[in-house]
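Each structure below appears as structure tokens.
Below, subunit A partners subunit B and then partners subunit C, in two separate complexes.
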Partner chain A sequence: MSSQRSYAQRRRMGAIALLSGPMAWWGVVLLTPYVIMFMISFYSRQFPLHIPDFQFGNYGILFTDPQYYIVLLRSLKIAAFVSILAFLISYPLTYYLVFKVKSSRVRLMLYVATIIPLWVSYLLRAYTWKTILGSEGILNSLLMWIGITDEPVTFFLYNQTAMVITMAYIFTPFMVMPLFATLEKIPRSLIEGSKDLGVGPYRTFLKITLPLSVPGILAGFTFTFCLAAGDFISPILVGGPYSNMIANVVATQFGMAMNWPLGSAIAVVILIIVVAILTISDRFERVGRLNLG
Partner chain B sequence: MGNIIELQGLNKSFPGGVKAVDDVSLTIKEGEFLTMLGPSGCGKTTTLRIIGGFEFPDSGRVILDGDDITDQPPYRRPLNMMFQDFALFPHMTVEQNIGYGLKLGGSNRAEVSEAVATSLKTIELVDKANNRPHELSIGQRQRVALARALVRRPKVLLLDEPMSALDAKLRETMQVELKHLHKKLGLTFIMVTHDQTESLVMSDRIMVMDRGRIVQVGSPTELYDQPSTPYVANFLGTSNMMLAKVSEVSGDTVVAQSGSNSIRAKGSGKNPSVGGQVMLSIRPEKIRMLTGGAAAPDGFNVISGTFREHFFHGGSAQIAFDIGGDKPFVVHHQLDSAAAQSQLPAPGSEVQLTVDPASVTLFENVEACEAEDRL
Partner chain C sequence: MTAISTETGAARRVEPRRFRFDIGSPTTTRRALAIAAGVALAYLWAPIVCLILFSFNSNSITKLPLTGWTLDWYAMALSNERLMDAVLNSLIVASFAVVICMVIGIPTALALDRYDFPGKTAFRRMVVLPYVLPGLITGVAMLSFFSMVGVQLSLLTVIIGHGTALTGIVVTNVFARLQRFDRRIEEASADLGAKPFQTFWYVTFPNIRGAVIGSSLIAFTLSFDEIPVTFFLTGRDNTLPMYIWSTIRRGMTPEINAIGSIIIVVSVVLLFVSVFIMADDGPNKRLKK
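And then the complex of A and B:
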């Protein structure tokens, strides 16, 4: 056999050399933690330690002890409200940007203005809502100045509504981005075509624009739902006594409670839920995906 | 036949001050095939979109069958448009696309399905009824778009560059099919195109536009043989243009000097003054080479030129001569015998060319000739 390597062999070795760095990073930083988390979720606990084991007790607690599954359900409920609120704000806004703003420069400026808060620290933005909704906050000052109330209203802050508002504000860009991309891709001739065939603007929206924007709606819901369901900061900053989210429980298990096996089991369940949502959304998106070409 | 559409003094400017449509007035007869022709940006598409209701004029009226529809939205106008990209709804089947307007227009289910079935039979796509548009070929998509535009029985069919998505072969086929369809339906067709051949093949009348204005309206033969400006002469087909000085006018014959050549134009209908500047236009296919010592027919112009080069076009050869001007003088020479190609003169040789004075077009307005330089 010739000692010279073929071009294909050399090319393959080059590719391996090039990819080894990123692959090592991926393995150490992403894959290994998943494996460790998965393993620990079956360990048993002997305070303050946990010992290697293979048992489903941690998962059992999760589904029998109300303090865990209620929090899980609450997280999903709040995530659903956040997604719906973000959608109700984003769709008309994006529709206006794409179809009503005539100048493409103004459109881009307004779009960037909507997205730009993403570059500002999440913590800072969540904190801002505390100052808006608080008893000395902007909203209360306004209401008192107008004369609607004499005393600060306390129910704005420290409850689930405050969390939904805060998160809807923070995650709105994640709804706007896919919607904008989808609406912009709809050829104007389709809307004109519908009107040409005798169909007015309202029904044209229902029959043409809305169905064609479904992929963007799905992507937006997936982003906002998953981000909100795993949120950890807004319950601390603007949530009240009954606003613990599942991510906070995980944090507690790894911190104060020193119960890593239970924390891992919860994390695995969250992971499964997120993967399930992504799969379903992808399935729907595939069905609804349209060849516009 | 009555008038179906009247355009009265249409004007339309776009932001930035571009005047897209400039004082366009035209009457279109019922059953006519009218083509709006011009380069991109000449205002033809905007004019069509004003008729369709997708643009609204700054001033002027659009009258359809006696009704003023200027301010009506597109969905209230009894006309339909076939879009350049066909605008088929990607999330609907072929059947749903064709039935869309009828169904939402309030026709009952039986009426819709009957009309759609008939329509599918006409375009021979019955087996594709449940396919989505992206599963069809371009030609099939075009037929669906056409069927969808016709199924509501519009008073006028608007066609926005209908052939631009098709390749050359399919384009020729569709031009003939569309022409046949027009004859069969007796419906008024208004088509926009920038393809001069297409307009010559298909239209009853052509409206040539330039920078928002109508330059000339007439039948294809009128426009080709009696172009009103050098712009029209150059846009429809090709033409040899040359500046000349009038040396003699007698009856309907004008003699003009262009370089060392003296050229006669007969029956131009123009009466320029002696000594004035004119522009002459001679179509390349109207010119003959005099080979083998043949004499020019009586009364014909004789122009001598130097053979420069030739381009083989299959059935004909395009030959460039030097007759003293700064541009080559182009002749279309029919290769109508087996030896025709080999009998072409050698480059550099002197050749006598002849052309009927009746085939020489004369333009008096030399200012308009400057427009020709933009082409």
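And then the complex of A and C:
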């Protein structure tokens, strides 16, 4: 009995020894900044910066001034389009890799090939789309070279479509990764069993493969949606006048506008939205897993 | 390809009519899938091909037709002192950030795997939060923190920012590896008289080494490319992405394409190394079976 207790005590001491360092670190550099940001979101703005206060004005502005809530809604809309486009690109690709490519070596190579773009500088990936879509860009010069148009087409760049294309391009690997992991885990025996029972390939896909890939789809949507909703670089590079995203507003408030309280309030709202999305997708994913048995 | 055709042939021999009819549509599906996959890969690779292609093109404007082959942009990039300073700064930041990721991430993963403590779920969520949260939020939160504490922005604040934002990657990977690790080996080691640290070093660590190295390499490359956190935390010294950002806004030359191409090659090599190492003990073992 006593030896058991000492084992438990040793375990607890081990836990404390192991945890204290990281806990202190996380407390100082992670929790504290979030708390400070939360505090500042209630401050009042006053020249040159802001003064401690407790008022909800900053949140009020966000939900009453159309300048802000329209941008917030637009960000959510664009993020949704980005996720959908990324999904439409990723699912057939991943499905092909997992179920149609016979050699596991080729599959791994192709998988890595879809992930590699993630390792190319984010800025350069966004910028390259600017050089592709621009009026003096690759696409236009190609079209003029071939002779399809005489004048450069200007509607490729500086609009929301360009933004969706660019961001979907940048974030597609984040959709492919969870999809690949999930599709790979689907037991082949279920699909073969379905075939043996005379169910056609399409029904097998709809009844077995697709439902079983829901966790991956959810994870992919969560990643791409949150990343796209929080991006402020692509909008500046390829977005036009009506492409300001909520993250741009935050960046501006912390930059030129020097309104940290408002910026913090918006950041807190983004944080809440993201955490809500994560919690919901986590719950759905768990439900899906339970159905699997 | 030959494997596929013999299979269909075998199937046909067994049940000629019905199967041929059934197989007809799956081949169309297979073709459609192959095309869709090809389009997706083209979408993913076309911009990178453009980037590399135009790093060798003599025209300073990135447009077709190609005007001629040159290495000038590479020479210009490599002799551009501010650019090279930025590369050096990025290397410094990424190296120190990775050290933070390991020193903080491994114990955190071990603690999450082994011990129950109050607020564990919240803690786990918090640790991965900066990794899933838009980098901008971590950036402005840390900016508020540093300004409130009165710390001057510098490469150090960038390093701390990256360390905080990226440790989640090491934690998740090492944690996932630990969950699949058979704890009885550790118990055996302890029973045989090994001290806790010896057990860790000789038994536990070799088993998570792949995850540690692989996720560190990922953290390194992500730090090397990080913008949203750096944007808010950098002082006078520029990291490479911040330097590129400033030149892009002034109008960019293929010099940036050149340095970008170099980074792609280095990253791809690093990536293959990390995949190779991760496969050592990682999830790819299942794949091979």
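Everything that follows uses one rule, which is that the second predicted complex is superposed on the first by the 273 of 293 C-alpha atoms of A that agree within 3 Å, B and C clash if a C-alpha of one lies under 4 Å from a C-alpha of the other, contacts with A are read in each partner's own complex, and residues count from 1 in each chain.
Rule of thumb we're sticking to: a residue touches a chain if its C-beta (ideal position, glycine included) is under 8 Å from a C-beta of that chain, and two chains touch if they have at least 3 such contacts.
Small disclaimer: the values here were computed from a predicted structure and weren't measured.
When the shared chain is aligned, subunit B comes close enough to touch A:L212, but subunit C does not.
Contacts of A:F223 after superposition: subunit C is touched, whereas subunit B is not reached. Once chain A of one complex is fitted onto chain A of the other, the partner contacts of A:L110 are limited to subunit C, with no touch recorded for subunit B.
When the two structures are aligned on the shared chain, A:P187 is found in touch with subunit B, with no touch to subunit C. Judged by the number of subunit A residues each one touches, C leads among subunit B and subunit C.
With both structures placed on the common chain, the touch criterion links A:G200 to subunit B and to subunit C.
Of the residues of subunit A, those at positions 102, 200-201 touch subunit B in one of the two structures and subunit C in the other. Subunit C makes touch with subunit A in their complex at residues 3-4, 22, 25-26, 29-30, 33-34, 36-37, 39-41, 43-48, 50-51, 54, 61-65, 104, 107-108, 110-111, 114-115, 117, 123, 126-127, 129-130, 132-138, 140-145, 148, 160, 163-164, 196, 221, 225, 227-228, 231-232, 240-241, 244-245, 248, 252, 256-257, 260, 263-264, 267-268, 270-272, 275, 284, 287-288. Residues of subunit A that touch subunit C in their complex: 11, 14-15, 18-19, 21-23, 25-26, 29-34, 36-37, 40, 89-90, 92-93, 95-97, 100, 102, 104, 107-108, 110, 112-117, 119-125, 127-129, 131-132, 136-138, 140-142, 145, 169, 172-173, 184, 200-201, 222-223, 226-227, 229-233, 237, 247, 250-251, 254, 260, 263-264, 267, 270-271, 274-275, 278. The touching residues of subunit A, when paired with subunit B in their complex, are 102, 187, 189-190, 192-201, 203, 207-208, 211-212, 288, 290-293.
Residue ranges on subunit B touching subunit A, taken from their complex, read 15, 52-54, 73-76, 80-81, 83-85, 87-91, 100-101, 104-105, 132-134, 148-149, 152.
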